[in-house]
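Next come the structures, one after another.
Below, subunit A partners subunit B and then partners subunit C, in two separate complexes.
Here is the complex of A and B:
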């Protein structure tokens, strides 16, 4: 409550300045116009001013425009037929996106967005020919969400490329695309994408409202955006999915979700997202259903194992020896005989070593990172046991829970799993099973309190929807999963008619 | 009082709410108390108590249906007028408070007796209260959710009843109906403390979305509770000998103590801690019922209410310390609950019916 109030205060305190309403007209002489542009852009060295003929002046920012187009479709035609009116210039140029305006601010805006400005002497009017080119890398396989069966293409940093990827999967006039600019200084282009007729209009409006209400300085990555527009920014649990897979993104759209793509960011945002969906991978859809079900159950088990296994060890060894079977207590006490520390310290030490290895591996270049991981893991692990500061069994448990934490298909959720382990280990070390149970109840209530775009986070388990459970922690065969998830409140509830067979009878 | 549709919940969740509110600390050790009166026919007492809950709930629903979307507090104010009605409301709020306290205090005692003899009551009380506050401040939807998960996630405990059956002897149940009927009834009366909780229906009724379904799910939940209680009782009777059952304070927990798996033994350590999940709906719902009554009396925000409520409960745990005091409290609560939960709803129904007839004549 207090945090919320603090947050509200923070958000409301700096008075937002109104957007500058500069209506200064464009000068009708080339000299004055160039001076005005240079002053407004603070005399940049990459602003090119070129006089094409006595009446025509061309301005553009080098490296922001496509040189090929500039030469072939703007400079060449204008040098051949020297026109003297703006209308004639527009007719001469063979550029698709061409506009004209008479306000200086508009001209500057177009210039920084990659337009070539053509000023005709004697007219207080300027022509913007948008010939933007942005450096972008080639499409590559998704590095963070790799899968064996399925498409091998990921989003890259270019908004245009990403949209074209999405439009390739969903070829439909119902695919809606709304552009919103965010960031007072960066003017980042953000695209809101949804399918008309599936996505709930209320959800679309909510997302749009949250996006347009953002009063921020800069937006560099979609992860920041996701954190700012989700329901509870203070929770450790992500409430929106970040994905770099276009197939996953499109699958979300087809379930009635709303997607957000940010220019310059290779991760797209999908919302609303429920807790159990963070443990689903797109690959599950491509595998046969029993295998997909098995893998999903395995991941869920891995989640619990990863969060509770180490605390359980700590609690059992600190307080509840009785629960350990007699046959097992002998090897356990043998391996712990030399360890001078209490279990909680021992566990925290090893957990932190694992986290260090992971962090070092993530920061280092790939080749060195792998080496460090293997060498560090083996050397530290073996040495720690031989030096007698940890027990073998704890080493196995810690490695197991670390391994389990990597099974989450969403990296964001994997991070959460790794983090929440620490407070639970502490609770287990001080109050045993009681502490673990406290943490469990707290987590349960916390998850119940969360929502994603107003949709319940623990859907489809609470509120219970049995039809939705067919594609949650299990995956039933495709003919049985005709219904879209209820929590996205889709306008069109069914993917196909569940009463009719989706494939004709085999002959 | 109009309830916004956002705060309402589906009728089928009422099953989990009532079931979650009923099962709590009582089931941990009700065998001994019932056995004192009804001996090997104790399971019949449990069954009778279960049937009594059905009857009482039937009248409760009849009363509530007459008022549409009003809770017990509103009905009181309507029947007895503002002042006298509020006196009844105060009594009911006090009852909820004491029931909450009793559940919490009994659970703390179990934790201390089974696992941590040296841990302070203040610590256990404050941690549990913080969890309750966290759930309470999120509103009824979350509390209903907690009840739902509490029931679903505890289902495996019922399966564990199969383990003691290996050592059970049916002969312990025989001869049936040897005890006289009076003693069996007396045993049923002793079930009060264990079986109460379903009275939450009187307060939560306006929040149920589909009122027509209420009686179906309410009775289903009572049936589920009675089945579990009878099952626990039958298993305990078959597993323990007569003398043993009278000497075992928490017979249900002791049932778990010899369950063993290849990787785990002494299962009751886990069960006792896991019981926290079972009592949290109890606590949440009693606190919430008290809150619904309090806002009829004074103007107070839910956050302020729960902190004040928790503070009073916390101070209470510091006062009630010994086993003797706890036992005395349970007995008194049980006696009061018998009138408040079992007799009063039927009386209330009669009053409402009479009043309606008088009004019709006018």
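Here is the complex of A and C:
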């Protein structure tokens, strides 16, 4: 049973390397210290060793430190005052983040994290002045979660920038920030962010424990992290939201959720997240409530349309010709008459063509991507109908369901919608509406069994929480949505007092 | 690394076993379901039954077929056999596609067959799961086969045409409704009889030519099409049909008359009608039938000054009188042929304890039933023209 082995989570793990128990002290002569550092970092060419005075030696990795600060605040003052003790050096430097240590491993760790090391001859102690600079891009609009009304800023790859964006939205001492390093080789900084007094202690502890328990060697992106720490990694449905919008992230925090930001990744993770929240956009909060409600219902309809429209076509044409409306039957059967394949094959063929187009469009450079859109849309679309391999009604249905799948504000959920359609089409082609019903039951049972940080995935519908439904697939006016979602188990249940008007009446 | 808090490892194993079983089932059972791919079947849109010449039953089926060569065509095939399934086999021997009846919209019966009794056909249609209960039923004057087989100049799909004809008239409430479920209800209910529209060929057209009245599933009499208004008004509520009547000079009050021998033609559409039946006497059945009609006058000829309250009231009175007379005539006719299409019997049965009504018993009672008709006619608006 190869498959069984593949699915088996108890993979045989390679023996873990024992963590280096290096407590080697720092040598008190510059010569030996430099040698030790070079040996530990494998003689890199960008390690700069600079002797400032007979007693002071400066070490740093080029391009990892800020040259301006290095020149103005470290080299210049040290050249003016020739100090000979570490304490005096610390006093001399006008750099904020200064520490000192006497263990070699600590020094190396600081060096690779962007510190300039200053060794004073005669002392087995070294000073770390953290003057890190990292290449990062400027803030830009979120590419994948664009919205019309609302803030136009997205996270970027810098953890520091992202934290500062979050701190700008939530100016509060209760905003808690815990740093965890993940990855045996990459030492990626991961920040756990939540609001004390709203977020449930238990959930924070759960996330923290899951993060610290991770024994992996590398972490490149937050999407990987989200898949590793969610409740059911085997499920096709995402259980944590990946967002590149700081406003959405902060809104989640204010609902009592826990956020995770990964250094080097422009997507932040928010959990727990319920199924219906994947169909909400941050823009819904900014629109007037009837419009937001309409848009949310539209998205929900689009989900069902996208998942069930093609299977419905396949089932109706293969088994249940009775349900086709009378006015539809002649055009439908006339367009089908030229097609040599059974409906299931026809539908799968076209679905795969659409998926190919989407994938090609996503992989290609933007300029060529547009060409592909035209080639795919016009050439394949009309040619396929004229060549008689598909009916034009199916073409409309497939295009409609592809379009509908893109309305999901979460790209991850959009992918799921596109994927789960295929088994449903197969079942529809095998057993008609019974097959669709079977697939629906499977889907429903699967969704019911899912949880996000232990919170029910189908909340607020199952278990039913009527007050939470006010902000689920509909959005009621803000005065009526005083309660935070129950499934996050918030410590503070109300955003504001629901009995008092939030806007005092005009006198 | 998946975290599962609510499950034990054993559950997981069991789930996996189930999953494999399901996948195996899907693979093994593929092919067990019988497919009816749309373009590979012949869709029967209409079926007509006649009395057979040699065998028991003659059917005429209107079948729509789609082929790559000719896009779509309509076949009218007449066969004879002893059962409807046997007839379907006969039809199958004559066409290139599997004949299915799931898209059937109309069932027609020949007049001779209807006089013999439709019990078997209504039963068979209701029992057949693939026959929609919303199909329209109608009687064809004389035989069904010639009506369907005739090559009409302007009608491409005769099945579709008859369906639209019936649907249009029934939805506009110009004709009594005769969907299969209604016909079945009327047939099986004690104290109620079926009624169906009659269609006939009129040169290049097909027209609704009356209402067939049934007794115990056998057609006993007919009424002309204008009487469908009265039948509808007594049978159920009425919403939007148009009705036209001519008031004879003796019915007309003098205020509306310019000359003494004038007749007045009035067309109105009933906005709402409500009928109430009350059983007054159970021994010798006697009913009070009250009909409240709210209508707007569409046309009056010759015209009169409608702005006077008095003359409008006089018109209301005149129409009331006229309607009462007509209703009495229609009821009397149905009593004569013992066909209770209005459902007086149901009213009787629901009000008389231990009535133990049977069809025979009711029909004999119905014959001598007395009905007091009160019509309350109100003109809501006048001068509204369509």
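Here is the rule we go by: the second predicted complex is superposed on the first by the 488 of 507 C-alpha atoms of A that agree within 3 Å, B and C clash if a C-alpha of one lies under 4 Å from a C-alpha of the other, contacts with A are read in each partner's own complex, and residues count from 1 in each chain.
Here, contacts are C-beta pairs under 8 Å (C-beta built on N, C-alpha and C of every residue); 3 or more make two chains touch, one makes a residue touch a chain.
Since this is a predicted model, take the numbers as computed values, not measurements.
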- [ ] Using the superposition described at the top, determine whether subunit B or subunit C touches more residues of subunit A.
- [x] C
- [ ] Identify the partner contact of A:477: answer first if only subunit B is touched, second if only subunit C is, both if each is, neither if none is.
- [x] neither
Open item on the list: According to the stated criteria, A:54 is in contact with first (subunit B), second (subunit C), both, or neither; which is it?
Closed with: neither
Open item on the list: Looking at A:338 after the superposition, I want to know if it touches subunit B, subunit C, both of them or none. Which is it: first, second, both, neither?
Closed with: second
Task: Contacts of A:324 with subunit B and subunit C, given as first, second, both or neither - done: both
- [ ] State whether A:433 touches subunit B only (first), subunit C only (second), both chains, or neither.
- [x] first
Task: First (subunit B), second (subunit C), both or neither touched by A:444 - done: first
- [ ] Take the contacts of subunit A with subunit B and those with subunit C, and give the residues found in both.
- [x] 319-320, 322, 324, 326, 431-432, 434
Task: subunit A contact footprint on subunit C (complex, rising order) - done: 1-6, 16, 26, 29-30, 33-39, 41, 43, 64, 66-68, 71-72, 100, 102-103, 105, 130, 132, 160, 163
Open item on the list: Per the contact definition, I'd like the list of subunit A residues that touch subunit B in the complex.
Closed with: 1, 319-320, 322-326, 328, 431-434, 436-438, 440-442, 444-446, 448-449, 458, 461-464
Open item on the list: Help me check something: in the complex, which residues belonging to subunit B touch subunit A?
Closed with: 9-10, 12-13, 111, 115-116, 119, 124, 127, 131, 134-135, 137-138, 142, 145-146, 148-149, 260-267, 269-270, 272-274, 276-277, 280, 303
Task: Contact footprint of subunit C on subunit A as seen in their complex - done: 4, 7, 9, 210, 213-214, 228-234, 316-322, 324, 326, 329-330, 332-334, 336-339, 342-343, 426-427, 430-432, 434, 451, 454
